[in-house]
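Here's the structure we're looking at; comments come further down.
Which chain is which? They are A, B, C and D, in the order written, and residues in each are numbered from 1.
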Amino acid sequence: MKTTAEVVIVGGGIIGCSTAYYLAKMGVDVIVLEGSDHIGNGGSSRNGGGVRQSGRDVRELPLVMYGIRNLWPTLSEELEVDCEYHQDGNLRLGKTEKHRDILTKLADSARGAGLDVRMIDGDEVRAINPYLSDEVICASWCPTDGHANPLTTTLGFYKMARRLGVTFISGECVKELRVIKGKIRQVITPNNTYEGESVLVAAGLDSREILTSVGIDIPMTKSLLECLVTEAQPHMFDQMLGTAEADFYGHQTKHGSFVFGGSSGLERYNKDNGTPVSSSKTAPCICRGIIKYFPDLAKAKIVRTWAGWMDASSDGVPSLGKVDEIPGLYVACAFNGHGFGIAPAVGEQLAKLIVTGKTDVDLSELHYDRYKAKI
Amino acid sequence: MSERIKEHPILGVQEKGKSVKFTFDGKELEGYEGEPIAAALKANGVMVHRYTRKEHKPRGIFCAIGRCTDCVMVVNGVPNVRTCITPLVEGMEVCTQYGVSAKPFEEQ
Amino acid sequence: MNSVNDRSRDIGPFVPGPDDDMLICRCEEITKGEIRKAVHDGMWTLTEIRRYLRTGMGLCQGQTCSRLVKGIVAKELGISPSELEPAASRVPMRPIEMEVFANEAPDEKEGE
Amino acid sequence: MKRYDLVIVGAGPSGLSAAIEAAKKGMKVVVFDENEKPGGQLFKQIHKFFGSKEHRAKIRGFVIGQQLLEEAGEAGVEVVLNATVIGLYQDKEVVVRKGDRVEHYKGNAVIIATGAAENMVTFPGWTLPGVIGAGAAQTMMNIHGVLPGKRVLMLGSGNVGLVVSFQLEQCGCEVAAIVDAAPRVGGYGVHAAKVARTGVPFYLSHTVVEAEGEDHVTGVTIAEIDSNFQFIPGTEKHFDVDTICVAVGLSPMSQLLKMAGCKMEDDPKRGGQVPICDPYGRTSLPGVFAAGDVAGIEEASSAMIEGRMAGIVAAEYLGYIDEEELKSELASLDEALNGLRQGMFAPQNRGKAIEKTEEGIDISESLLKNGYVADDEIEKYPGVTHKTGIHPVIECTQNIPCNPCQDACKKGCISIGSKITSLPIVVDDSECINCGMCVASCSGQAIFLVDESCQDGTATVTLPYEFLPLPEAGTKGKGLGRDGKVVCDAEVVSVKSMKAFDKTNLLTIRVPREYAMKARFFKVV
């Protein structure tokens, strides 16, 4: 089994897979180590499928805008899989004046960063999506946002990277990194020691513990996010949906089913049993939320619910890029539950960074060492 | 209703609910109240419950216990109703399901 | 669980079979050939197959096809079906209307 | 949240048995079942069960179901129907859908007794309406009173395939053939024989080439397969049928246990994905138990014992009985279960080709290949004897755990002895009084009363008959052989139906003497 490569990537989620793919496209020799039994087994396959710019912090906005402009439109073709990418806009919904304030502030700052997003009133919202209830009084509307299928996209990156010669090994749970002669070199699992000139840690929540072994700390906490999916329904709408307080999101998939995520308010405190499992309280709460927004969906049947851990940072944006203190080490984690839409851009830019030392999009605001005390 | 078992050598004459009328694709049929919709349809000789979304292939009763979901139909306007475990009610409108709709594919 | 699985192991080329157009997942209408091809695209676990192709992701949630898919994937990988872990089981065990799931009975004291 | 000592999921034979035991120990028990009717598969099983008295032998499945329900009621068990358990969450929380709402329950202990689901095989046309599971056929005819089809091909010769074939005939369907890819009949020989003698052909080492039809099944082609499961060209056979019934085994319905986080394993001997658990159903999660088919495919009789075991183990877990009581109760249940797990079809013998009976007699090749014992083989078995006057002929040729025939004969004509799997013998010097109890008691319908010494050169054969219409005395027809083919003319001499026979009618036919040991079924022509 191959244990040495130019780049060793820790984490076989969409970040690891996309970075591996773009690296392999540039002719780089890569090993990807996935701790679980399945590729893309964390947030990559458990998210709501949003490919959106609106509602994001301006620090990560340039990167996601870059991806939506340059990568997403041709991704299905490139990965030879149906990513089910739809660019039909994002309605971020508000029901109260407080919501309107939140949305307006977000929209204003995003416009400042060059994004086409504007506030619309309830009637205009229903002109775009007639199924929404009268409870919705406003929304931010970003026509270039959309959604895609996280499962096929993640596994599409994996498939193509593998086809280009990337070695993927699942069931390899990385416990330790080792610096040799001042440079990152070894990646150690209970079974094997892997070696690379560069190492990218993209292991979601587990990144923190792995990086601890080389004295790097990226502060993150975990939160259990939950989603559900309905049976296939006749086609209703194509927009991505969100809310001012990010407590409800979702879309109708190409398949006809609706994927919705939502919050019970307990996600930071819900327990798991070693794998992320649904709590009994959340799905009913999500359903009550959905019915308020979409009374027509009351009789739609839920066929599946699931949970995933979110890696949350104190400021809500990821840690991304080069670890200056340790030559050869890179990180990409703490995507705060919205890593999917940004992942192709992250992968492509990280690959460029690793190979050329440069990126097209400035990543400095996402530097891992940015966390400071408040006074 | 020739497909009903009138008398069974072991089970005897099985008790039935009252006779009710319902419609299948607009046509009036009779069944017994409370029996699964699928049983009433079968007794009336209906074999095809739906046509699939991708291949437009016919499907009918398969597991008869609500597990396989192959026998789903549009009942009172709601698609994907498992007819093998949904009790028949007087006046029910039962329609062949095309994909997830009661409209034939050429009308969708 | 969590056994080292090198996805570069040679499982041979995809060879078309006479029954590749046999439908396996009745709900999502996925064929044997699609499943076999997915294995050669690197989908080596039942979870990956399911996420990649939607087998067992339809209305019945794999109640009919999971055993069939398992056999096909195992054969393609040259392993015993019992070595493949089934995909996760999730709530709800049967499809449930949103309005019903939403309608939780109020808490009552122990008993009736 | 509502809390019970014990929440049981599934009101089938194991779930109800567990509930009864636990409630008898003083526990507060609730049983949820998604079906409209309780009893699980018991209410679809209309044949008489095997085993001995303690296993409720010679009682029909649906009657056992009624008995269990009554016992559960008497013990104070709450059985909630139309209650679908949609999830088993952490902390032994069970979420149940009832009507238009969901309810949350917690059990100090939880027993999962969700049973099994049918396996499927694929063949071109397997998705056509008219291709159904054998369980679906049972549900339609025995629960809903609707014919699954008029002419049926059965795929699978295990006990389910055989029993359901017989049931199909009982409600008036024609079974065109029983087909199995295996080279030998999988189920009990007696189940096969009772179907074969009605004229159903068996095709072993055969499988379905294609189900035909545009919108629903109109026919089927089968063909013989070689040892590599490849079709042998030129062996195709076609049947005009409207239904293909698939009975190719069961898989544990263990999703709730997996969902709850129980350690699972794939054990082909137990039928697939099962919880890792001890013989009494204790899983890797404290307080979560598994009972019946969900913990390994067997049959209803053993499921009932496993259920009782789980109920008792749960009682001990919650302190309702002490360890000593637990031990003594489990010891007697162990014995009962062991009694069932004996003989040729015992779990430990699965997949083994057994060639001789425990008595050292060759197993009938014809039985395994064709579903019936050939005329020249039948005399080898100890229950088949000749004497003057009326006497029982017991065509029981495999060692299975069953002994009601021994108890049925008040005159001591039939003996099995202490080993429940032994082949019954006809006791020398015993006097048969033609009461017919043995014929009606034999769950395998393998006992006949024969009088080979009638004055006029004829013989009478009394056979079990569970079909409608019931022929009347004087009806003329044909005697069919064990292979279901016409062997001779026959006339009904008498028809006996008694409460003690429990719906097994005794048909006595008169045949020419030379057919006394050949004619085994009667058909009106």
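Throughout what follows, a residue touches a chain if its C-beta (ideal position, glycine included) is under 8 Å from a C-beta of that chain, and two chains touch if they have at least 3 such contacts.
Because the structure is predicted, anything quoted here is derived from the model rather than measured.
**Q** Taking the mean of all protein CA atoms as the centre, name the chain whose own CA mean is closest to it.
**A** Here the chain at the core of the arrangement is C.
**Q** Considering B-C alongside A-B, which chain pair is linked by more C-beta pairs in contact?
**A** B-C
**Q** Mind checking the centre-to-centre distance between chain A and chain B? Centres are C-alpha means, answer in whole Å.
**A** That gives a centre separation of 44 Å.
**Q** Just how far, in Å, is the C-alpha centre of chain D from the one of chain B?
**A** 29
**Q** For chain A versus chain C, what separation do you get between their C-alpha means, in angstrom?
**A** Computed from C-alpha means, the inter-chain centre distance equals 24 Å.
**Q** Would you please write down the residue numbers of chain D that are in contact with two or more other chains?
**A** 34, 87, 89, 95, 102, 104, 117, 127, 259
**Q** Two or more other chains in contact with one residue: find those residues in chain A.
**A** 231-232, 278, 284, 299, 301
**Q** Where does chain B touch two or more other chains at once, residue-wise?
**A** Correct list: 53, 57, 59, 62-63, 66-67, 70, 80.
**Q** Name, in rising order, each residue of chain D that touches chain C in their complex.
**A** Contacts found on chain D: 1-3, 34, 84-87, 89, 95, 97-98, 100-104, 117, 119-120, 122, 124, 126-127, 251, 255-256, 258-259, 264-268, 272-273.
**Q** For the complex, which residues does chain A have touching chain B?
**A** 231-234, 256, 299, 301
**Q** Any idea which chain C residues touch chain D in the complex?
**A** Against chain D, chain C makes touches at 19, 22-24, 26, 32, 63-65, 67-68, 81-86, 88-94, 96, 99-101, 103-105, 107-108, 110-111.
**Q** Can you list the residues on chain B that touch chain D in the complex?
**A** 3-5, 7-11, 14, 16, 35-36, 39, 42-43, 47-49, 57-67, 70, 84-85, 87
**Q** What part of chain A is in contact with chain D in the complex they form?
**A** Interface residues on the chain A side: 271, 273-275, 277-280, 284.
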